[in-house]
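So that you can tell them apart, the chains are marked A, B, C, D and E in the order they are listed, and the count of residues begins at 1 in each.
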């Protein structure tokens, strides 16, 4: 056991989240193969430990205990939903483990034991709204904030509402709507959006998550709500989600991410090729025929590579040493930038891209930030956050053995 | 209404009017101290000579009148036999008495104070009306013993049943009944594994355990051998007097052994009433029921 | 017509119900089977229908060995069955119940009109659900249903139970008539002794899963069958 | 489509001062920031000739590529120079021209404006529809010209509305008043937008009053569309609930199998549809639009077959033990989900609407009924009638009902109960497959598809009254319409909660569902 | 005429230690001569003891394991030692014991009374949330926002605790509410449902509707229970840090004791006449009514008892797994509870407990050992149990034991 380093992979392979998370497990496995092929980390091979928390939040915590306590993994790559992360958090903190979280989320959190490689709200939501307000984006004046009823959409919309207000948008021009998880009938919602849009140029910000997106987009297409009339910008819809949608009627609707598969640069080409080859070789269902990459995959990939660099820098897999070594790590990201881990706040600096859906399910990048944006996990648009330190607070009354 | 019922009714009306007249003459304004009774709630009051009293009861199912202006009464301690063609409404009548079916109209009284239409099935059972179904219904997953134990007359509240223990008196009674119903050797068998006839007996046993004031027995000897039929008849005769019984049967020899008054139901109302010989001689009864 | 040899039957718990039971039933004859409650009459009939498995023994019907047949194959071979406790299809209408009786006939086979002559009440209630009928009406329906397909062997398990006297008489007449036509064998389980005696061409008395007496119907009084059944 | 365009080029009225498309114009339209591209486009459009039109059309169809500063129009795998029309080799590094929303909208408008003067009435109609919401003042002369030339009264009216919408921005108060008056007769939702926007900037009190009056009238005429729309979406949701529940009405309602794998049988139907789609794409691309028709029987058979296998191998041992069926079918459902994950992957797969199911009929200005919803409603009715006939009127149906009520006795009547059970379960499963096929047209096709509907399906069957087909129909429609009615009022989340609470309360009133069986037969 | 009631010698009615068999398909000893004439002496089965001798020994062993062996192996045996009971194992066993309580509760209502609840998750969650509220308050001002209000409330801009949090800072009140909240909810729901005589699947489905509606309600942030994230990041209980080995062990032992206690209680309950009335209701409710029992009271009583047991399980569960969220109310979770009971064997009390351990143990092991295939195994387990073990695992054991005896 001494000649390998164990790496925990904590993504749901069954249950509702398997749709999104399974591919992240494969991404980690691919990266591990790649690292091992190049000689591993500090001369040791990485050994993946895959578990299935089955989209069950308490099970995430239990599996984390097992990974850290029984299997003694050096690091965990995992979680997608915020609630799964929240469930895992006390455990990694108590057992002083290390978690890399690869999905965009609502912020309002900063743990010493977690590295957030997905976007904070200011790295995704705010730029997207800026774009839609601009002339090129259509100059939206009215806003429908549409989401699945849970914390990530609620928080994001709260931040957006505050932001829009600061830009002079009146309350009557903002319509906030939520649907239950797994909601599958969007007729009323789309009809409402249509009606709302009669009152002036309207844009829809969608934080609809997971399975509901397909029926939502199908309904948009049915109802003839075209992007040029009412553009919809989504924060949880990427290449993988569009796999299940007939995109022809959706051309022009938008998504904001820090990575798109369609971004053209050599790093990305290499990344896509690597993934395609891996998916073929392993016969990953779906991807072996139509390989797709997306933002959380990129974030996962950056995460594991940065962790490798940090371990090598620290010359140890000791959590505290690796944490220290992570600060300021850089990695040439498939999105085309030199991605950097913030010195303090455990979040990546990320470029923001706005893409429009193309008929083939890919995205046209129509706008991007001039350079990487530093994450603000504590959004200034939420009261009381101004005084928050931009780094994990140490010694949070956790009792050690 | 049959003539004898009419007569009976008229007699009772006269009696009642006379009583009212008498009472009104007293100084206490009709409240005659010596005849005044306190109607105890839940206790059946049979001072008027009737333990069960149905008047003008009708019920229909999807337009089909199963019971049609049925009037009938039974005296305390009486053993009344009810016969009538298949579909005459005998079982439906029992359904009404026991609260299983709500009539569309009419009154049903247990004694002179208890309006059965205001009570639920369990309450009616607790008031003292026991019933044996046409199709034997026992607790199939419980043993014979447990079936009888459950039927035992006792406090049937939740708390009481949690702390219930069979006392020796009750044990004796249970044992007696086990013998009566020929299931003494089957105390621990599951009721569901009994044969049809054994279930019939078990159900009768449960009824005995319940010790009701009024027993409604829907075809109790169906599927029994002649010998057992005879034993059943014997049993019913011993019950008579202490209990009131209403027995529905198609077995004429059985009826003959036990009957005093026989009521013939047809198309939901009383067709004839009298001794067995009387009704057997009645042309209408022969026509619709007995056959030639 | 029907030859049963040495049937042994056990229920799940291991209790031995039928012990080496053998019997025969012939065309044009009514064979009456008597016995007290719980001796195994119904179990025997169910074994004949294939509703309960038998451990050993053979059943020959109309020249075929049918002990391996499923119940529906036995029905198709020409056995009609009136089960104890009526067992009509409660949520099918009377008409549909009768149509079920014709299940293995071609779809266009009409319901024999004579059934309605026999049991006029059924015609009246053709569209009522079987389960809503009175007990006796259900029993009539059950008999009619078994007759619908004109079986070669008719098995009846206490068919008079719960039926009004006039109809019992009718049923008796029908059974006699069917037997006398000569194209049907009838096996009748009955508790109603007088009825049984009147109809019996042959009789069998069962006690604890065994036949303790058998003989010709006309000898029943002489053989003291009534006493046997009465302990 | 193609034919229409050819016709368009042939009949296009060319403005007198048209001049040929220049290379500079092309570059201006293709390269640079969106703003400047739009400017260049509109300039070119004013003096458009045939080539310009063809070029704009190509750009709008995403058929233009660039390589360096060279521009190519691609048609049938061949590249042409937009200016000369000469065929050219397409460099391998050629890239698509990206048209963001704004650009695309301008392209459409420019094309529409050019088509306004077409001789083809259909083209004019389309053009008017496209331009409907656009009140660009620069286009006024064109519209007036078209108005003068228009002969079809309905189109003339619409052009007048467009003219009025533009005039609303006129500096002449009288014209604005006139425009407001004209617009009040509009039934077009776009008019509402125009009026609201003008109201925001209007200073003149008289005009404001007129605008408000017009707005009120327009809103009143739109209200109808909203109401009908809500009812339609209720019926549409109801039809989906019905489809989802019908199969269960057999496997559960009639056979008493608490079939937790019902959802997965739908999922199989949906995946079967996906597979058929794939086969058509591969082997019959020409007939792709009709793949769904082929998918219907395939989905039915796939699920029916799976149902038959399940019945033979598991369910048949469990008749009379309904609660055990819950456990076993739950296990089956887990396995089927994982099976699909193993074969098709954990992600959703894409099932496209055929062209004839995209879009919808415009019934009112603000009410269009999507074809796919209409088709599904029709499909649900067809399945319902078919199933009703099969169960209620055929011998098979009679046997199914008989067997499910009393298996041993049915077999004594000569019914091969094992076979009937298999048929019945396969039928219920097949209908689930049909539901899955329909669902693939409105929602996800993924391993979770079934889980999303199973609870609803049970609610519908039970609310209707177990074993009551008519009840199932009422329950599905009732819940669909109630849900949509509440949703418009309380939002989707509270509506869903309210519907569930409604079910709980309703069952208190009718403990056996809407169509409770009455009388003794219910207990038997 | 001979009297139909022959008198019986009292001494012959001596108590027999026989316990009546009550499990459906384990056939009772069938008398080979069913209609043997009455012998004149009737042996009535006496009331069996609460547990048999071996039952008591097993119980005592379980008690010792929970209270002494487990703590010793966890706290004193050093890590790395072969006998060491890891923290992970303690947490896992603790969790499964909570589930076992639910399964036991399910058995009372489903196995014995024949009422299948597909909404027991809601009671579990209510108990859990009640405990969770207390634990949230115990965080004090140590949360992200350094406020006395729970973080999610700060985030929602709430300035004070909503009314339903009133008693959440008192441990005693919390203990009362853990029983009272699921109890009252169950009472109200059950009262109306049973009064309307809702039965069978109709009842099952409305319980499912109930838990589904509750889940959606709790998902909403405005409801005031932390929305989708629920409660997590607990720090203290009774002002004692929660994430310590000794606290974990304490919770473990308490869970074990609760489970054993509930087991005895349930055993007593089903052994009483009350328990037999429940089974009678399951088999023939009409007959029960005509025997003079009002099923409403009986059903309601056992329903509330069952709900309260689930609530207590939920309250014990939350501090051990460290999170409570609306996912616990998803219909699938409630179905699972029924499945544990069925796998172990319904109407046997010990069965559901065994079932909970088998299913959850298998799940925990398989999700690690075969993360991609475990659902096949689990699915096959459910199918296999139904097909081959109609009385669950316990039924199999009984059968084997019987076979061995013969």
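In this text, a residue touches a chain if its C-beta (ideal position, glycine included) is under 8 Å from a C-beta of that chain, and two chains touch if they have at least 3 such contacts.
Note that this is a predicted model, so its numbers are computed, not measured.
Touch-path distance (fewest steps) from chain A to chain C is 2. Between chain A and chain E, the least number of touch steps comes to 1.
Central chain assignment: E. Criterion: smallest distance from chain C-alpha mean to the mean of all protein C-alpha atoms.
Taking each chain's centre as the mean of its CA atoms, A is the chain most distant from chain B. When the interfaces C-D and B-E are ranked by C-beta pairs in contact, the top one is B-E. Between the Cα centres of chain A and chain D there is a gap of 29 Å. Remark: chain B and chain D have CA centroids separated by 66 Å (rounded to whole angstrom). With centres defined as mean CA coordinates, chain E is found 46 Å away from chain D.
For chain A, the set of residues that touch two or more other chains comprises 13-14, 149, 178, 180.
Within chain E, the positions touching two or more other chains are listed as 27-31, 33-35, 216, 219-220, 286, 372, 375. Shared interface positions of chain D, i.e. residues touching 2 or more other chains, are given as 337-338, 342, 451, 493, 496, 519, 523. Chain contact summary for the complex, chain D toward chain C: residues 395, 398-399, 401-402, 405-406, 408-418, 467, 517, 519-524. If you check the complex, the residues on chain C that touch chain D are 49-51, 70-72, 74-76, 81, 83, 87, 89-92, 96, 99-101, 103-104, 107, 129-132, 145, 149.
Interface residues of chain A, counted against chain D in their complex, comprise 13-14, 16, 18-23, 135-138, 149, 177-180, 182-185, 187-189, 191-192, 194-195, 197-200, 211, 214-215, 218-219, 221-224, 227-229, 231, 240-246, 248-249, 252, 284-287, 356, 359, 361, 364, 366. Contacts from chain E toward chain A in the complex involve residues 86-88, 91-92, 95, 142, 144-145, 147, 154-155, 157, 216, 219-221, 227-230, 232-235, 241, 243-245, 321-323, 325, 327, 363-364, 367-368, 371-372, 374-375. The touching residues of chain A, counted against chain E in their complex, run 13-14, 50-54, 56-59, 61-63, 65-66, 69-70, 81-83, 86-87, 89-91, 94, 108-109, 149-151, 154-155, 158, 178, 180-181, 382-384, 396-399, 401.
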